[in-house]
């Protein structure tokens, strides 16, 4: 009930803070018999690692995952899979600048009001490092979905005003630039923009898009646990996300029924398909067999070196300039997090759906 | 696990289909001692009733709620509050036109794939009438929030391209026009647009905005059950919603940290406030004391009288023209549903938060 | 979280009080395609009806169930099955004798301390009538288990010191006597004992035993949701139960490993069987393929006509003699309740188990 | 849903196997501000350690707990408390004797049927070492309950036929003998009995009793999550438990209402008390302010050195003699486990109860 558990059938519980011993997750409900190795998980964690370009923090994080349970002779046993990443870079620092001040755009104020005090070192539980646990669990979910022929792929859709152009979309390009943008031209523009933003001690926002292919029709539980509702929760639970769209998203508000409805047709082999996919692969809260397409809007990194007006914990107005290493944009490192939360959600509803029929 | 339960502390379970005996909801976990009458609930249900203008269906629905349990001497007892609305208009009809055909934009196909068959009368569980149960439960949540000084108010933000202008915003106007738009000029434009859409046997989409005032700081559970994550799920679980925003929403993607961060300040009486509210009242997944502001994008009503291409349940291509009474736009009647789902979510997290401290 | 929900995959939520409008239950997660009729449910409710012998209350309860949703063309649709039984016998009575006094052996005191006040009419939510909702849901569970070749049968094992003798056990006899005892001799003794108890304005306790046949091996979730743990909760959640045993129960404390372990063997057709069943069909929290056998100890009916010492709600010592119609023993009418809670639990874990393998 | 989560408000998720990297637990929902140290937890773990007498296994287990998160400056932060104990004694052994054989009285057969295969090294997830995670979480629960003036104390009630005599009951004696029996005479008898049992390569069962003092009235959620129902689940979820009693337990079956009802009275300071406590501190599923008293029956250790008949995984009849270090009786080391599961359950329902009133 305290919010560290996600999912019902494929259920994860995470723990850890940015400046504690480490971060971890336990996955309960992964079916037995799934081949799973440390490398399967590490591969995903490596994608969210910082220090890979000038746009991510210089903090050296090894972020090696240890799988502590649930695997026997290379396969999942059906029992909980516990995983842990130790924090390595916990050098004692001077936190006096942020200990008694509420950083604008951060969770500091809410934590104090909720719990009466807070772990003021680097954001504690609301740090971006919290996503390590999500990615470890998501890597397991991706491995599981693979068995069902499902793939989940996310990428940077836009940073600031620089957006991937449909006609230049090239997924292979995604892994060639440090912004995870599947469009070299847009990436070049965004990089220039970020340099400018950094020069001004400021930060930028952007959009991540995610596509799940191969999801069979009928996944999702009508009424409250609709597939899109669960995905929305999964995505909004990632820090800094302020918007969510499925399929055409907000554009549907200006569309008409005759445009927005996707006609059904039958292909050569007798399968029912949709001609278009304005719905983003979800109708009535259940997958419809088309690609599931969602987008998440990330706000600019709240930690900026510019001076900002704020108040102290004792209620005095003051100013704060946040020193230290902070990504000028959250989006590139969030790509794998969106992928992972999407995979966890689909895996959960896929397993839940097994009980829908006799 | 089958998706008809929402919430943890303030927990609702709904039931019912458009063409069955009725619709209902049981609310478990409403605190004891809350004054609650049938009128408190009926007032909310009346707001979603159809037949109130030329833009809503002509179907006569009395939609009188009966409270079956949980109230003693005018107050909640702490035990489940069961409520039911009987379906009155169940005249036997000819469903042959839709029984064997998947309606584009509807859940028909997913239901068949998930369960092996479906209740083909009017959408069954995916009908808009399902929201009756949400509204009944939401009315109780609103009554509960009132005790804590919290109000939740939604309205139509836009229909098609006709959007409420900030400078003309007038909440009192909301209840004066049939579109629930707090801007008479935008409402007039939207009405004209809807007449045009109807003439073309088509339908329109739009956006609902919702504001919660008086929510104390610290509501929401860090990590997965963030207040915004839970709201996103609540809102996306409403049929036809394809997008969700909190605060500035997708606009944050083009903003900068220095613009998007809301500075804190202290008011005359020593309270910590934010100068702006780009965050929409939520930081780090917890309420920050400012107004909570969210938006939901609704797709155009999928049932249209125009001919559409589709396939039969036996896999043959065909055409369908959906006869009968259908709103040309879902938005006006969805306003109270958004309000209610928002209230249920806040009530749930408010009660959950009581266990956060010793 | 307020305790009116049971189960995860086969999930029930109940509502209602003894002197309100009625009692009901919603079953979410019953698989689609199960043939189910009103008669299937009514048959179980009829077994818990009072007024069937001199040992049950004279209160006339029609207890006709209405199925409100979830069934289409005689089969479950996979959506919630809501059921309701109206209270018929709500004649206005004088509650002054119990309104301000805590009845010994009842929940009155706890309700007042928990909620600040209580529905003092006949026990409210803690009335025996609350089991109507369990039986309606259990009837659905029994119908579902039938599809999997599983039957659940309970009977009165003992009343006071009168116990079914193994050598006289005859299940057919169970339905021939009003005490639901599968042993005519023990039933005759118990009836004589009850007449004596009634003459003394007192009440009696007893034990119900329940056997589930046909449960395949491997049902139950290791660690916390063991089959026996879930059964224990299910059974102890029935009012008046004070003890629970699985298999040999408390007798294991005096047994030895060499006696208590059940040897495995292989039958003619190659199936693995156990030679004995001290385990009561559950090993390591999972069914082992043998009959599941459990027992529940019921305390004597707390409402007795004898004078008892107690206190008033304002804290003064007083005496109370509880007038009205009360069964001198709870056990016979509880038999079907034990059967139903057992069936719900097995159905739930059976469905949950579907996600254990790829 | 896979059963490794217990509780709702005070929620624990455990992981680990007897022969994997270690065992652990994450506690989510422990209120913020509770002073908690490694020693607070270690003290409880030390009580379940083996190797402390001739009646426990010789296996050297350091069982040092590491607290990985959730504590800041010596106090809980309200975020998840992750704890881990590494397995130290994982020397490579020859498992061929048990790999392909179902040990009588063990979970082997169920695991194979449920998951298709199993971790055959020492029981895997169904090993007694699994209770390490329960004890670590229970230590936190005990610390929390202390803040509310609640203590939970368990002890060995009986081993074989040797039972604590009420007139000799001396809690201080509990910690003076290796059987945790609060009666030196009974302990001496039981020790003699155990030596005899061991000489015969056999094992013994027994009963643990647990008392919770200081629980305020009104804890427990009516209907399904009754305090006794949740305790029953908690206790039966411990491996080897086959029976559960609250208060007078099975003796109520032979009692009468006039004997079994506990009269209420008022003490000198105006507090409502019960004169007797046949109910074991729970009425209508809620605490009644008296001591909560429960008992758990443990079966004899299933691993015995005697030859037993069984079958191989390929379905051939065979014999097995289980070598290695095994306690001749589970009870003494289970005492702290019963205490911990009781504490977790009460802590959970205490926190849940905070939402019962406005």
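Order of writing sets the chain letters: A, B, C and D. Residues in each chain are counted from 1.
Following the convention adopted for this analysis, a contact is a pair of C-beta atoms (placed from the backbone, for glycine too) under 8 Å apart; a residue touches a chain by one contact, two chains touch by 3 or more.
Everything quoted here is computed from the prediction, not taken from an experiment.
Q: Quickly list, by label, the chains bordering both subunit B and subunit C.
A: Under the touch definition, subunit B and subunit C have A, D as mutual neighbours.
Q: Is the number of contacting C-beta pairs greater for A-D or for B-D?
A: A-D
Q: Would you kindly state whether over half or under half of the residue numbers at the subunit A/subunit B interface are used by both copies, giving same or different?
A: Counting which numbers both chains contribute, over half are shared, so the two copies meet through the same residues.
Q: Averaged over CA atoms, how far is the centre of subunit A from the centre of subunit B? Could you give it in whole Å?
A: Those two chain centres are 26 Å apart.
Q: Find the geometric centre of each of subunit A and subunit D from their Cα atoms only, then give the gap between the two centres in Å, rounded to an integer.
A: 39
Q: How many angstrom lie between the CA centroids of subunit B and subunit D, rounded to a whole number?
A: Their C-alpha centroids are separated by 46 Å.
Q: Note the residues in subunit B that touch 2 or more other chains, in rising order.
A: 1-5, 8-9, 14, 29, 32-33, 78-79, 114-116, 125, 222, 352, 355-357
Q: Flag every residue of subunit A that touches subunit C in the complex, lowest number first.
A: These residues of subunit A touch subunit C: 1, 8-9, 29, 31-34, 78-79, 144, 147, 222-223, 351-352, 354-358.
Q: Residue numbers of subunit A touching subunit B in their complex, please.
A: Interface residues on the subunit A side: 1-6, 8-9, 14, 102, 104-116, 125-126, 130, 158-161, 197, 200, 202-207, 216-226, 228-237, 239, 241-266, 270, 272, 275, 279-280, 283-289, 297-304, 306, 308-311, 315-317, 352-353, 355-357.
Q: Residue numbers of subunit B touching subunit C in their complex, please.
A: 1-5, 8-9, 11, 13-17, 20-24, 26, 28-29, 32-33, 66-70, 72, 75, 77-82, 84, 114-119, 124-125
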